[in-house]
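Look at the two complexes coming up: chain A is in both, with chain B in one and chain C in the other.
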Partner chain A sequence: MSRKARLVLFAVAAAGFGVVLVYGLAGLPAFGDYKGVYGNVINGLGVTVRHATDLVTALNFDIRAFDTLGEEFILFASVLGVVLILREMREEQQRPAQEESEEHTFSGASEALRALSLGVIPGLLVIGVYIVVHGQLTPGGGFQGGVILAAGPLAVFLAGRYLRMKIVAPHTLVEIGEAAGAAGYVLVGFGGLVFAGVFLKNFLPLGATGHLLSGGQLAVASVAVGLEVSGAFVIAFSEFLDQAIAVRGGPES
Partner chain B sequence: MNFLPFAIAAWLFLIGLYGVVSSRNLIHAILSLTVVQSATYVVLLGIGYSKGGQAPIFADIAQTSKAVDPVVQVLVLTDIVIGATVTAMLLALAVQAHKRFGSLDPQDLRALQD
Partner chain C sequence: MTLLQIAALAGVAIGGGAVVVATNPLRQTLVLSVYGMALTMLFFVFQAPDVALSEIVVSTVGLPVMILLALRKVREHEQERREEKQ
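Up next, the complex of A and B:
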């Protein structure tokens, strides 16, 4: 189909779809005029029942924990998918490993970028760990903190140290960490099954509201998810970087 | 003004779809898809907002304060994670498409046509 025909077809379809979409959205309760029931119930009871002050995390890792299990394994599976799609093809070979001195540098990386990237790494790690472990108190949790932690090895790459990124975050170690995070979340679930009788039901002491070790399983699940998410993103980053830097060949190039 | 957030969501959805349809570059198409998806974040957060409500984080506000719906916020978090996974998979496919066809223009992906 030519580009023009495609755009004309889209214009007709989008006009029709847009009308239906706006009609449907107009049927929702007016903005600010909240009609749901669950939100108010959880806002009213969440802190008392779960001893967590961040109810988004309380929902994510306790009340809706089973959905998060699925979400976590979607991430796990998709990273497997990325590794599978970007695996070494028959016509490709690894470029011979370069000497450390002529290590491939991020093209265009200025000295300022390299120095700054190295400088932000400690900050990234501290903020990442902070966000992961304080999920039950303030905004954050395993998913958010995990992504920040994954930015650490990426900053090593930005600092022009591709090979060193492999040393900082060796593939096997990252994969083990990711798998341990995914398994850890399931173990929290089985802990609930064994000690509380229901899968993913909280079985840990709830602690004092507002303290670091409060919220029962929230902190444990959050750390497990943080490990899984940071591992997943580091694997995905390094797969893409391998494609750009280490893998040579393919029919066209 | 009450309809404004939902109108923005509809606009994001349609402009993102236009980006996908009119794209001349697979990376651009993938990023347009994330624009389509961000429409769902706006709808979800719009549904959960209640007038005068604060964020459902009771660390520094009274437990009885009026707050917005935390359920939709968790759904948005899930939504963002799914969006990231889909984007990662599509970018990996784009890398392989570039290897196979030497181009990122969807028009050049001959094997997908006919």
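Up next, the complex of A and C:
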């Protein structure tokens, strides 16, 4: 296609898009003028029926928990794909053992980066656990807390300890954690099926609103997702790190 | 709309433009991370702290690490190809 034809095509498409966009924007409600019914219903039900003060988490892990099940397994499947592809490549092109020992410290790390990384590790772990277990009370939940927890082993690597990262977060343990998190969420669902008659329906005591042990099964589901997400991210990080540090070259070299 | 919300929207507009304008992939990754911070501020001032938390963990931890490690791998490739030519 010539440059002129491309420009003509772009002009037509852009004009059409512009018309639809302006038409759509003109029909929007005024800023801050919420007309939905669903949100108001959730606001009314979340605290009284579910004893959860963070309604977004209540929505994710209870009212629409089935959607979250699907999202969780999207992450699980994609990490599985990364592992399958990258490990296959790694086995073929692992560097010789003696060369590897020198590579185990991340030589690019400056003293300041090392000190800072070591300093933030406890903070990351505390914030991560806090956000995972307080999902039903304050903003956050399994996903956000899980990624923060996964940043802990990453900080160990940034502190210049590639090998130490493997000791802090061994592959087998992280894999078991990820699988246990994914399975845990499904088990919570089956608990609802067995004890309450409906998949993912709450079957645990709801507890006092605003307390740590409240919200029934949605708090348990949030912790399961936290485990799954932190495991998934640690696996993905460590596979990428192995590729960048321990494996030389690519598929065709 | 408050002044803070207008400032956050302007920050996102500038940040998004900056990501597109940056040409060096390494620099672009860091600009992308800063853009993620701008988006986080946007979600926060528009009263969506859950989304803000998701955005901050993805854009400052998840995404840049994977892009940076992939870039390192690509560089290694290019270097090897150059050595083969010589």
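FYI, the second predicted complex is superposed on the first by the 212 of 253 C-alpha atoms of A that agree within 3 Å, B and C clash if a C-alpha of one lies under 4 Å from a C-alpha of the other, contacts with A are read in each partner's own complex, and residues count from 1 in each chain.
The rule is simple: contacts are C-beta pairs under 8 Å (C-beta built on N, C-alpha and C of every residue); 3 or more make two chains touch, one makes a residue touch a chain.
Source: prediction; values computed, not measured.
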Practice prompt. Go through the superposed model and pick first if A:Val56 touches only chain B, second if only chain C, both, or neither.
Written response: both
Worksheet item: chain A residues in contact: does chain B have more, or chain C?
Response: B
Discussion item. Is A:Leu241 touching anything from chain B or chain C once the two structures are fitted on A? First, second, both or neither.
Written reply: second
Worksheet item: Between chain B (first) and chain C (second), which, if any, makes contact with A:Gly210: first, second, both or neither?
Response: first
Discussion item. Quick check on the superposed pair: does A:Val47 touch chain B, chain C, both, or neither? Answer first, second, both or neither.
Written reply: first
Worksheet item: Touching A:Ile131, do we find chain B (first), chain C (second), both, or neither?
Response: second
Worksheet item: Just chain B (first), just chain C (second), both, or neither: which does A:Ala182 touch?
Response: neither
Item to complete: With the two complexes superposed on chain A, say which partner A:Leu154 touches: chain B (first), chain C (second), both, or neither.
Response: second
Response to the item:
The intersection of the chain A residues contacting chain B with those contacting chain C is 31-32, 54, 56, 139, 143, 236, 240, 243, 250, 253
Worksheet item: Hey, which residues of chain C end up touching chain A in the complex?
Response: 1, 49-50, 52-54, 57-58, 61-62, 65-66, 69-70, 72-73, 76-77, 80
Fill in: Residue ranges of chain B in contact with chain A within the complex
1-7, 9-10, 13-14, 17-18, 21-22, 43, 46-51, 53, 55-59, 63, 67-74, 77-78, 81-82, 84-86, 88-89, 91-93, 95-96, 98-102, 107
Discussion item. So in the complex, the part of chain A that touches chain B is made up of which residues?
Written reply: 3, 6-7, 10, 14, 17-18, 21-22, 25-26, 28-34, 36, 38-40, 42-43, 46-48, 53-56, 58-60, 64, 67-68, 71, 74-75, 78-79, 81-82, 85-86, 89, 137-139, 143, 210, 236, 239-240, 243, 250-253
Worksheet, complete the sentence: chain A residues touching chain C in their complex are 31-32, 54, 56-57, 131, 139-141, 143-144, 147-148, 150-151, 154, 233, 236-237, 240-241, 243-244, 248-250, 253
